[in-house]
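See the structures that follow.
Presented sequentially are two complexes of subunit A, the first with subunit B as partner and the second with subunit C.
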Partner chain A sequence: MSDYPNSLKEVGQSFPRKEARHKVTGQTNYTHHIKLPGMLIGKIFRSTVAHGKIISIDTSQAKAYPGVFAVYTSEDIKTIIPDPYYGPAFLDQPILAINKVHFVGEPVAIVLAEDIHIAENAAQLITAEYEELPAVYDEIEAMSSDIVVHDELKPSGTFPDLKHLHGKKNTNIALDYHLKRGNTQAIFDSAEHVFEHTYHTQQVMHTPLEQMVSVADAHQDQVTIYTASQSPSFVRLEIARLLGMRENQIRVKVPHLGGGFGAKLYIKLEALVVATSLLTKRPVKISLTMEEQFYTITKHPTTFKIKSAVDKNGKILARRCDVWWNGGAYADIGPRVTQKSGFTAAGPYDIENVEIESYALYTNRPPSGALRGFGIPQLVWAYESHTDQIARALNIDPLEIRRKNILKEGRPQATGTIMKGAEIEKVLESVAAKIDWSKPFDKGTGTIRRGRGIAIAFKAAVAPTTSTAIVMINADGSCILSMSSVDMGQASDTSMAQIVAEVLNLNTVDIKVSQPDTDMTPYDMATLGSRSVYHMGKAVKLAAEDAKNKLEKMAQDLNLSKPYHFRDVFIKHYGMQAGSILGFGSFIPSYTPPDKKDGSTLNATPFWMVGGTGVEISIDTETGHITIDRLINVVDCGNPINPKIVDTQLSGAAIMQLGFSLTEKMNLDAGQVTNASFADYKIPGFNDIPLVIENEAIEAYQIDGPFGAKGVGESATFGVSPAIANAIEDAVGVRINELPMTPELIFNAMRKAQQKS
Partner chain B sequence: MHSFQWVEPKTLTEALDFLSMDDPDIRMVTGGTALMLMMKSGVFTPKKLINLRTVQGNSDILIKDDHLCIGSLACLSEIEHSPLVANELPSLKAVMKKLSNVRVRNVARLGGALSHGDPHMDLPPLLSCLDASVRIQSKNSERLIKVLDLYLGYYETALENNELITEVLIPLKPDYQSTYIKCTTRSADDWPALGVAVNLHLNQNILEDIRIVIGAVCETPTMLTLTQDFLKNKTINDSVLNEAANIALTEINPLSDELGSSEYKSHLVSVYLKRAIKTIINKGANHE
Partner chain C sequence: MKIVNQLIPIQFKLNGKTIETEVQAQQNIIELLNKLNLKGARESCGQGLCGACTVIVNNKAVSGCLEFAKSLDKTEVRTIEGLEINGALDPIQESFIETGAFQCGFCTPGFILMTEQLLNQNSNPTDDEIRHYLSGNLCRCAAYPEILKAVHLAAQKRASK
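Moving on to the complex of A and B:
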């Protein structure tokens, strides 16, 4: 702790996670552990119909059940919150259903009791009568259906990038994003080859192992919320708005999370626990079961029709993308997913003429939101499958066609934004080198056939968003970092501590990172979209530099010469070991919203994420079973702050996407999820992990990132699904265009191909 | 969850005293791995649970009168790691490795695994195929029935409300070789979409006897008697196996569910039946 180094000593080191020891020894406190005096437990009574008018709700038996403290419906909520609708994009979601229900599983009433089992039993005694309405489940049908999920759309205006949303009637389209560059139609009319394919993705869920949980201790003038949330600052803002209070009257505390992946963003249970705590004048806690999570937030199912004009050499001349996002009954952040992912729907290719139509649609399914990739994996699934199908049709090597079209540094992307700091080419070449693409490949014999596939993708970061941080140096020279970024398992606390330690020349292990508490930790937009290391990392670095400058100034004024211990500065200044130095940092990157007419912008994103995947697979041709023999994940995440953490993020993201590619699917029957448990919704287990996983963060430097770093949480999800589909075609000559790619689907495709030939 | 009574008998006799012929809501619990899922989903609401974990003994694994006899309270992991089982019935040891996971095997007991009646279990088809019997006891009587006869329908067994399985008896036939292979269609640790158990006696390439029991695709473990009859006294080659597979498909009518369509499961049966027989014949091994 003496002087400042010339080279990096903390950043770039693979320090173990700060919280790891406490987690594995059971010492970490989660929201589930919280018990407050007099606390009631809430159990939710949910809709059994997908779309219907509420005729009546009978809570009398539940109220009479011994031990029940209260039973509430929306009528009770409205006595304290007259307009109880929330949502980041549209104010469409009521705290409890009002007049209508829009999906099976929608919260209709709540029972409160001190004992969870009493609440549970009483909730089963509630009955509701509905006048059932016809329901719409499919995103394409929702475009033109007479069935309208919401009578009127009500934009919330919370985020500047969604300011353009406006209220509409008689439509299920929550947002439509249009991009037009060049003249696609003219090219399609004259091109040598035109290819059109349609791809589908299924509804899946985040399945955080720590299920959603919130506790509220609400009083007339002061509300405290303990919640497993990725967005404490947003929760404060939205609860303050609902209650008509100031932000300093709402305190949101977030302990460690057991996984989030986008499920725990915005308002989930917070409004319900706050409202019922106000009504009962008691603290209230709601913990969801795994089953209930399937009715809370999911990943958008999509249909993506993609059409390309290509010359005989494989150069893509024009591309049209039509994407329909199945947002379910409430918009959540779907419109933002639709728009941000719309920017890159045409893929990381240099195409002069591009047209993109992207629609966020309401349906009577459980709501969809952000899930590790903010829509990008759904798009890459389509455009990287399409790339291979074009290559095969033109008899061009799949790597060559990508090389021929790849978007290079300095060239404009579909929105018109000039590519900067996106190592797309390098990532592609690294995948190709690792998989030995140029060398002969063992295609297998007999009933086992082998194939390999690659995919390359990029993503624009969510913008514009703000992060702020405080670095406090104590009188003994120890240091505390205060921020509202949430470490939900991605180890951001450790990376941020490394940034502080680097700037202040301290040891990472000695930096304390305080848990988000909106009374203490300053604003952060949310922990989502791989934004933390870049945005918050930048704010943290600025805060540490601010603290450092203040300390140095103090030392200078005291005529202390380097090297000195921080403590000596304080002792000399305050006359004893006393006092604090506060450094503050704030960061908001620049951003230009897309033009309303043609969707163009010269500044679409503060940074680009790049991810490439290579797979080698074996297929049992008798049954259609796939084995992933080798999985290669390569990303550009700038300069890794902590290489080991980056490595685990790559494996984790890729394995998660492997589940969405091969085994996971929410099955719906009349809107009801029929496999809402781990017994029947299968995420990958240990025996599904590929034998060989190779990860690489290519050498890169994000020019305006903290120590050259940028986000990495999602990048390894991008290419997994299409790389596998491409490998399947390589192995057995059939194309799969829907997820998950089950053995039965592959087997049937093979059988169909056999019958044809 | 509704409240229920929890009792902890010290002996099986005491446990049997708690059971009632007329009350299906009184059940025994050992590992609880299946019962807990049913209780969580509200499929089963107990009035009284009898904890058999407090019962001492009845978990021995030993050879008696040419039978491998296993007490019904033996943990699946005890069976998995028993040298006697490894030596006498390698196929029974082998099945354990892929039966659910190590945490479940450490608490689940043999009796519970056989009494549950979920068609997607691994032990019922294998033990049926090995011609095993179960000793069933009630307060006043005892009976011995074949494992194959234990299953009457979907989650429906021949056990009366006042009965419990006390012992499993597997005949040891040194001339026979057996295997059980299964197929999952989602994750590797999923419920099987299909389980195939084969137990056969080969004499100079001639199949002198064969037993085939299919699990998971139908409501109960199903013995393929026509296929067995066809294969008996045949020399095994590809065309014989193909014909056998075709006959097998006439004997079953797989259920379509989230694990696969009826057609696909039929196809899996034909593939895995051939594989199971070949596994034994080609490798001469007792397990995969």
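Moving on to the complex of A and C:
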């Protein structure tokens, strides 16, 4: 069978989501709706100081409150889990705070009651006394501050590049990644032009509308967890480790998610519900409020200092990138973000001499982790703003400077990895064509000024990671796909079913996709970083092919000639409609970790994601108000499995990034988030979306992807922020170097520029 | 704080069926609907700002997370579960499927109920009117372009019925 698009019947079709009917009738089962007999509800008491020693916690009034079943602190947790620290990179996060608190909002105690209102009321009766310590909030300050967030670093042992940090004291640096290629200093010393700019990004939150929620029914020998998690296999592994149990004693079940975006990864509420369920011998459920979500996981604020040596024609000769990632109080997956994004911090350009320094830092803010792009949008914000600033200074067209420097197929990227299957040029040219870059542009008159901007970016996929899948053919010929990929809205159930249907020559609509249940569905690293279609897609395809081969072998042995119905094979083999065929697929791509000394690797990623953005904007010069008139999103996602769903992913990702670009920011006052609600934290609504949105997945084919496909969930976020900043400068001549680009910021920059001139 | 266990009897119509039940003073509409095993209206922002908790009370859309359950006494309530009649989807629900107007689906019931309200008042709304009317509903997956198409398609379907 050929993999190529023209010969396919299921892959490449824009089927509606398999669960569409459930979603429009309100029938979808989210973890939210889980109710177990005897279930208790947990309400968390949280720290009110950013950094402090816990002197005392008084739970007596809460315990005495009528209807309260139990109140626990870390002392109780330790009776069943002696070392209750978890985390994917560092074992730094306690289930409830121990001795110290590290950020405002950190869980300190928990109240359990059958009635949520009783638990809520009682939680308000808990008091805690702290000896406040000075706190550090800024990533640059954290580099050299005397204030140390954690007394000692405790890498989890999962990642080899963190091992050297074991036991390290008096530092906030949770990872340092260094890349050195060529000789930047010599070039900077001799180059005709050297440009240096610094850019900042703010702290934002994913705010999935389905808030984080987990339920545990835990017993001495068996634990069942129902959770809104993007990583059921990791939850099983980490809970088993915490409890000293085997993986088969932990069962993790995940229904559909009401959004994830990277928030629902690793351990969030799972350890707390398991521990309290063990203590109470009752099922326990915790569902957070929207406000509480702001104290769980966020997107890294960053400072990025970028310096480039450029010749008079605009050719970039050398680049140095210093990136500081504000990881907050717990590392979560921050060190991975720091390293993986470090690979591409210099941008999709062909630069001979590159130096990258990337630091993950602990501070006393709410923790930072993965958010739709794994650090890439923060980097693109800087390098694509920088590209335009160089172009303007040298009086070169912004498109031309990109064309001149673009990283071409077959050329080595900053890590030394040779570019393969990354249609960067094609994406850039498509953005330019769609926005009519070569044609005259109406810059507006009077108080309304118009501008346009572009940006281009790429991303290395997280590696090496494993996916496995099982395809079962039943005796009537129907088929079930079992996998642990989580459908959080990105439609993995549908696209994976399309792959199975294609291989087995069945109809997508007839394929059942079972929901993640670690007792039944085999291992998957996690649903993150746009990895599923490529990794799980390959595993699913292998599993379907395995099932097909077994079935064909059986038919051959029975002397059945094609075409035959699957059912007939079973009936003839088993003498009745009985039996099952199991196909298994497992996939892990090859990967070479970066060299310890110079950060280089000849195999940085299994595939490249490419995204380009073009915007046209209007600015009201009297108010600084900005309107996005046109938004163009172009990506290389290989051959789309389901074009309609890809299209929705593109505008969805771009609009989310629009929020991070223009309105969203967690405001902190002494570590306290002062706008932790939708009343004060503005995510995009109907009135904020651009009047015109155009999406394109360019014609491409990922040679080793399933039917030529690769990931797409993040690609349309990459270029949005810098394209807008570039358009702002085009419109009103001011450069914004921090996010979000509020009307106030734009207005003040314009006034400042006027005063100068 | 001590009133949590006081139960208040109420009677109302839920998707055409009479319900007699008792509620706590602090319970909101969403908690009551969950107790009655209806899953379509969901509490998300908890402040009446996202629309995920939309229910129709006496033909008017309300935020179920802000209104007390006891306020439903002697009212007629419609939820997303009331739209499907004898297994047939409402044209609005069909339109949301055909245009792919959702991703995770958590906000979808709220958008569909608000679309119904809009089309009851304005059978052929413009883009601007749709944006304005649905500005109180949030979709973090940002399927807004598709929702816009879904509302137009639903208007067409209703007109041709």
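By our rule, the second predicted complex is superposed on the first by the 742 of 757 C-alpha atoms of A that agree within 3 Å, B and C clash if a C-alpha of one lies under 4 Å from a C-alpha of the other, contacts with A are read in each partner's own complex, and residues count from 1 in each chain.
One rule holds in what follows: contacts are C-beta pairs under 8 Å (C-beta built on N, C-alpha and C of every residue); 3 or more make two chains touch, one makes a residue touch a chain.
All of these numbers come straight from a predicted model, not from anything done at the bench.
Of the two partner chains, subunit C is the only one that A:21 touches; subunit B does not reach it. Of the two partner chains placed around the shared chain by superposition, subunit C is the only one that A:489 touches, whereas subunit B remains out of contact. In the superposed model, A:121 lies in contact with both subunit B and subunit C.
Of the two partner chains, subunit B is the only one touched by A:744; subunit C is not. Judged by the touch definition given at the top, the superposed model places A:208 against subunit C, while subunit B stays out of reach.
In the superposed model, C is the one of subunit B and subunit C that contacts more residues of subunit A. Of the two partner chains placed by the overlay, only subunit C lies in contact with A:652; subunit B stays clear of it.
By the document's definition of touching, both partners, subunit B and subunit C, reach A:685. Of the two partner chains placed by the overlay, only subunit B lies in contact with A:675; subunit C stays clear of it.
According to the touch criterion, the shared surface of subunit A, contacted by subunit B in one complex and subunit C in the other, consists of residues 117, 121, 289, 291, 677, 679, 683-687. Across the interface of their complex, subunit B is touched by residues 117, 120-121, 289, 291, 622-623, 625, 659, 662-663, 667, 674-675, 677, 679-680, 682-688, 742-744, 747-748 of subunit A. Residues of subunit A that touch subunit C in their complex: 14, 16-17, 19-30, 32-33, 66-67, 115-118, 121, 206-211, 256-259, 261, 289-291, 488-491, 644-645, 648-649, 651-652, 654-656, 677-679, 683-687, 689, 693. Contacts from subunit C toward subunit A in the complex involve residues 1-2, 4-5, 24, 26-27, 31, 34, 38-42, 44-47, 49-50, 52, 79-81, 83-84, 89, 93, 96-98, 100, 102-109, 112, 130-132, 134-147.
The residues of subunit B lying in touch with subunit A in their complex are 1-3, 37, 40-41, 101, 183, 185-191, 258, 260-261, 264, 267-268, 271.
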